[in-house]
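Here chain A shows up in two complexes: once beside chain B, once beside chain C.
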Partner chain A sequence: MTVASKIAADPRLDGLTVPAGGWPTAARSSALMRLQTMGLPVKRDEYWRYTDPSALVCEAPLPCDPLQTSTPIFGTVDKTRLVFVDGVFDADQSDAPELAGVEITRLFEVNDLDLHWAQGLYGKLEEAGQSPVARPLAALNTAQATEGMLVRVTGKPEKPLHISYRQSSKTSEAILHHVIKVEAGAELTLLETGTPGARSNVVLEVDIADGGTLHHVRPQGRAHGRHVATHLFARVATEATLKSFTLSLNGQLTRNEIVTEIVGDDAAVHVGGACVGDGDAFHHDDTVFITHDAVNCESRQVFKKVLRNGATGVFQGKILVKAGAQKTDGYQISQALLLDGDSQFLAKPELEIYADDVACSHGSTSGAIDEDAMFYLRSRGVPEKEAQNLLVIAFLGEALDEIENEDLAADLQSRLEAWFSRHST
Partner chain B sequence: MSLEEVVDNVKEGVDQDTVDAVREVGGKYKYGWETEIEMDYAPKGLSEDIVRLISEKNGEPEWMLEWRLEAYARWVKMTEPTWAMVHYPQIDFQDLYYYASPKSMAEKPKSLDDVDPKLLETYKKLGIPLKEQMILAGVEGAEELTEAPRKVAVDAVFDSVSVGTTFQAELKSKGVIFCSISEAIKEHPELVKKYLGSVVPQSDNFYATLNSAVFSDGSFVYIPPGVRCPMELSTYFRINAENTGQFERTLIIADKESYVSYLEGCTAPMRDTNQLHAAVVELVLLEDAEIKYSTVQNWYPGDEEGKGGIYNFVTKRADCRGDRSKVMWTQVETGSAVTWKYPSCILRGDDSQGEFYSIAIANHFQQADTGTKMIHLGKRTKSRIVSKGISAGKAQNTYRGLVSMHPKAKDSRNYTQCDSLLIGDKCGAHTVPYIEVKNNSSRVEHEATTSKVDDDQVFYCRQRGMDEEAAVALIVNGFAKEVLQALPMEFAMEAQQLVAISLEGSVG
Partner chain C sequence: MLEIKNLHVQLEDEDKQILKGVDLTVGAGQVHAIMGPNGSGKSTLSYVLSGKSGYEVTDGTAMLGDVDLLDLDPEERAAAGLFLAFQYPVEIPGVGNMTFLRTAVNSQRKARGEDEMSAGDFLKFIREKAKSLKIDADMLKRPVNVGFSGGEKKRNEILQMAMLEPKMCILDETDSGLDVDAMKLVAEGVNALRSEGRSFLVITHYQRLLDHIKPDVVHIMADGRIIKSGGPELALEVENNGYADLLAEVA
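On to the complex of A and B.
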């Protein structure tokens, strides 16, 4: 459905105004106008074919009990931590926002601070990402967000920046908008963890200049009843690198959109995700759109899902190679392991290619645990549950391999193992 | 871009034969001539009166007219689909003729001997034999065969009417019914009533609904239980008249334990204006039945500047109702300016099988959006999809498909392979698969590549001492044959003439 053919006046947007506060106000107003022309998503939209957006756009968030006990994630990793509780920055729980080679500004306090680098980016990558497919929740975010971090990376900080979300209220709604600018040759590892709110809408705009690198590792919150929509908009310049990995365990509804445009030659984008879904309330959707608009670039998408007890996994991935983007190497794999007969996997892996000297491929598979592998383990005396867990973790491990930092990967791996040993069926 | 430029832009690694093959296919259209014959037209435009007129011309019973009117009433409320990756100017549905028949067909000829010689000449020129003793052209050396030549029964459709059907008597002796659908409506109303619209309902989609209202002719096949159809059946569609839409309807019913192989071919004259072809094909398979349905689609594709050509908007679907039934769609798509076609299989019976083999070649300004749907409903159902797309010039070639495993389709299996080859840097190749898996005992595998030739395979061959050219030829040879070999022999000949033998040397 084209944007124009949609009813312009979505009644759900009546009376929506933008929060005032410094230079972002103009960007918010323009996002609201975009949103009003596209309307909020509905189930019959082609882009929402496999995921019902109603819980993400209904008036009030559905209540979600905050997760009580949890060992702190990446506890052994030295990092600078910024904490948001129910979508609001909490300075007391956070480290001092200081990290050598990084400038950090809280969106809420930006007012008329002269941040020319952020002013040129805020809402701009989101706007560029609205074509060819409308992403109304991202426009809603730009229009409404007052919290988030504006991060400019000029050097190579020795430790990761950690944005940590916590939920305390059962009905909290978190709208967060972060902007990350990685300057030429700079490098940052960004950790994003936890549940921002009962319902959350998080946008990350990432601009990586020539030769810059961003590692993004995102274990999402495990609160069972949470609903979350995230968008990662990235623009990647010459010889720059973006690596983003997301782990999702539990959570009622997750829609992670990654929209990346490669604009400089010899750049690389790797995005990956592992998800474990348990129960028929669980719905997890990875929607990826990678545009190649430069020569000799590489993109990789590796997404794995393990689903059981009626869980639903969705993958919509697209590689668009524009005319002239020769020597593109595009790879995409989406795989689901269905542990029982009630779970489902819905996939739409797309290629759209306008250049001839390219090697692009995608693969998608879905099925149960390999009986031969199971037999092999059982015949060597491994108990059934244990054998199943081993195979499941090995399956997810191929996605975890996408994380470059071994400590971070090991932490997530041990979490997965612990989860499966606790939740063996 | 001219063809020469395309050729200049061909990158290393693409076999020269491929380039020649594509040039052959797109460069000159062999069937672009027109038969000068006096025609009888219905007034231009579409209305309830036109629907009534078509029904009257065909001498249809009341129930058929009502069925058509019902479809028409639905159609006026529908909007044209725009989701396909094809672009063309809005079609003015009131600026078309919905019925065109040679004047000489006003009185249905009693036998082929009575058919207007001009029409017979037309089919002769197309290489379609309407004399029963003749064998299908293109089968070299067949005359020298010691055994009796293979027979192919033909139903020839010219614009809106069926000109004649061969071998009807011989088929009848086996209980096989092969005739035009207009004849079937009169002669076998019980079968038509039972099955027409049961696979592609009137409300299915915009073009299928339009077809349901205005279809003028097409073929009807019924194979009785336990009968293996003694010869291949085929329909040859020819659009001749200008500004005419062709809306044919084909219905094939394979009763229990029967088998039929059906071929379909189509051509049209070269014209500057676009013409609409919106067909519906329904296949019904009962227990243990098998249908092989092969198409060589060679409608006029338009000229090198993208002027003219057929809009080919077709709905084809097979319903494997019976257990262990099997359907196989094979298509070679080289023609049409715009193609919108998804031959599908509903695998309802347990252990039923669906296969789809396709080669789609798009050159110049052609646009093809084609693929298949495999709907697995029964237990242990199997499907296989092999699609090869080749784009050249400024053409756009899209594979669009759906594989759906319903919760009850336990232990089912799908394998999909779609490969695209690009020749030149102004064309596009796209893949849009939908995969919906709702049970865990089924296995679904989907692979798609867009490239020239798989480097690993070339490497393997090179290691064994072959030069690159020979390696590419070898790899592609085995590869294109996967689809070509799925065609019945007679059609494989035509397809090879079309794609030229050297499709061996392209797909990778």
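On to the complex of A and C.
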């Protein structure tokens, strides 16, 4: 009855059809059915308690001025770059999609290409991630996306794969769905950068086989007016490693969901993020759900936010340790530095544990800048604004430390420093 | 060098007078020591001079040369040549000691209209200073004071003093928490910095530090005032007899 009433109550889905095109059509249809059962998110949903989804689901995207960037991100890092402009692949601006040890196929062109590995994944990890909490925007994405990359990693490519988003239209809507399969023992660094569109819905399904590794580093651009929903669904097998880091500067609404299931023993998942929000139009939400379903695995969540002038930050993070997932080492920390009394941080850390031999900890703090440290720096001659910037960068630096590649971390750090020196009030 | 006149200070948050008319003049190149019982206002004096918030100056002046300290922000006082070695050096996670020192040195130079020190010159300079204080490369790389032992923290204070080359150094209980060897090392660091153009105000509870850093003048502070000044023998008197006699003498 609830299901039926919800369908009836969500006219926003009326007339929604799925794009046709090869084998993904079936996965899209199935996702649409899921979506119709769930309905689109509304503010009164418990999972959207701290973040109003209306701008993500209203009929047309709210306009967002594209940002002209001067210095290309990770400019000094050699990489294979795939460019999407307003959510559409742009071959002319991209490198040839060739990288030793990696097979790359554009979702738009997949038709009936026989990609067994992808057919078994597309929409499947998203579907698995719908329980125990519904994630309708991800189902919407699976049902609607025609763009994205299907990436199979069979070796250890010598350089990162770079998915680069650019926004050129003020009202573009970008729906992108990528699938990354890291085969046994393979390893990839995936860079995902920029703002896809005025409104973006991006899903990343990641399957890491035994002993495989994925490093994912995602600076989300600086466009002020952007509305973004992302989902990272990952399945992590025995002795596999997933490390994902997201940097968010500006943006009106960002909801980054990470849903990871650890299914093999001795695996590790590290997810982290740093976010800087300025102004009451800023709202940033990290929602993380990590399921331990194997023995002797480690997970880390490290999320830091700096908020000022009325900005809002949200963290919902959960560690679920299933029965039998012994020797789990789960760690979660979410911290906000509030630079004034107008900003707010809403945190909901959760642990749910059904195994008896585990070590799980979580912490969440929000506070002002350390006045003793400020005085110490100033007493050495460092001017107030500079001292504050030093302390803010240091605070975020503890999250940046989660990035293993030092060149990538240094690039993001210099971007943060530049942001703060430009925005010193 | 430093001239304090009739300095009255109370806490901002509560109506509590801490300094009740301090008069103190430290000449160029001199070392003055301040001793006194707990709660006499010694640390407050050092904080007020360096510009910590939470204190309200209700009367009096404090001049460093011809600069009125009380009008300035802490960073401006530092650039004018004032340095406070903290009793409890602050730990700053995430800020590398080296980055901190380079930022401090160059901020002060910038404030004085001087050129910034090049990275190469800075490295050479800091290595030389660090070596004499037995501060290894690892301590320079680590975040400021994080995980430092008590002795390392105090040596790090002296290193900063050496790097910043202030005119007026205030040492607030630099000997607290130090073993004999560490105290000697710190004292040697201070003595190496003694020069005609640099003055010191050494706040301490114990005469022992003054065996190593020989003061020209010793002041006794009690209840927010300097109640007695004299030569080094005054420190010995305190060491032997405590403050009771001196306090009785004044009362």
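Definition applied: the second predicted complex is superposed on the first by the 415 of 425 C-alpha atoms of A that agree within 3 Å, B and C clash if a C-alpha of one lies under 4 Å from a C-alpha of the other, contacts with A are read in each partner's own complex, and residues count from 1 in each chain.
The criterion applied here is as follows: a contact is a pair of C-beta atoms (placed from the backbone, for glycine too) under 8 Å apart; a residue touches a chain by one contact, two chains touch by 3 or more.
Here the structure is a predicted model, which is why all the values come from computation and not from measurement.
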Chain B versus chain C as contact partner of A:L391, first or second or both or neither: second
Which superposed partner A:P383 touches (first chain B, second chain C, both, neither): second
Which partner reaches more residues of chain A (counting touched residues only), chain B or chain C: B
Contacts of A:E371 with chain B and chain C, given as first, second, both or neither: second
First (chain B), second (chain C), both or neither touched by A:E352: first
Partner chain(s) touched by A:H362 [first = chain B, second = chain C, both, neither]: first
Chain C - residues contacting chain A, complex: 50-53, 73-75, 77-79, 83-84, 86, 89-95, 99-100, 103-105, 107-108, 111, 143, 160, 164
Residue numbers on chain A that touch chain C, as the complex places them: 370-373, 375-384, 386-387, 390-391, 393-395, 397-398
Residues on chain A engaged by chain B in the complex (per definition of touch): 2, 46, 323-324, 326, 336, 338-368
Complex contact set, residues of chain B against chain A: 9, 11, 82-83, 85, 407, 410, 420, 422-452, 455
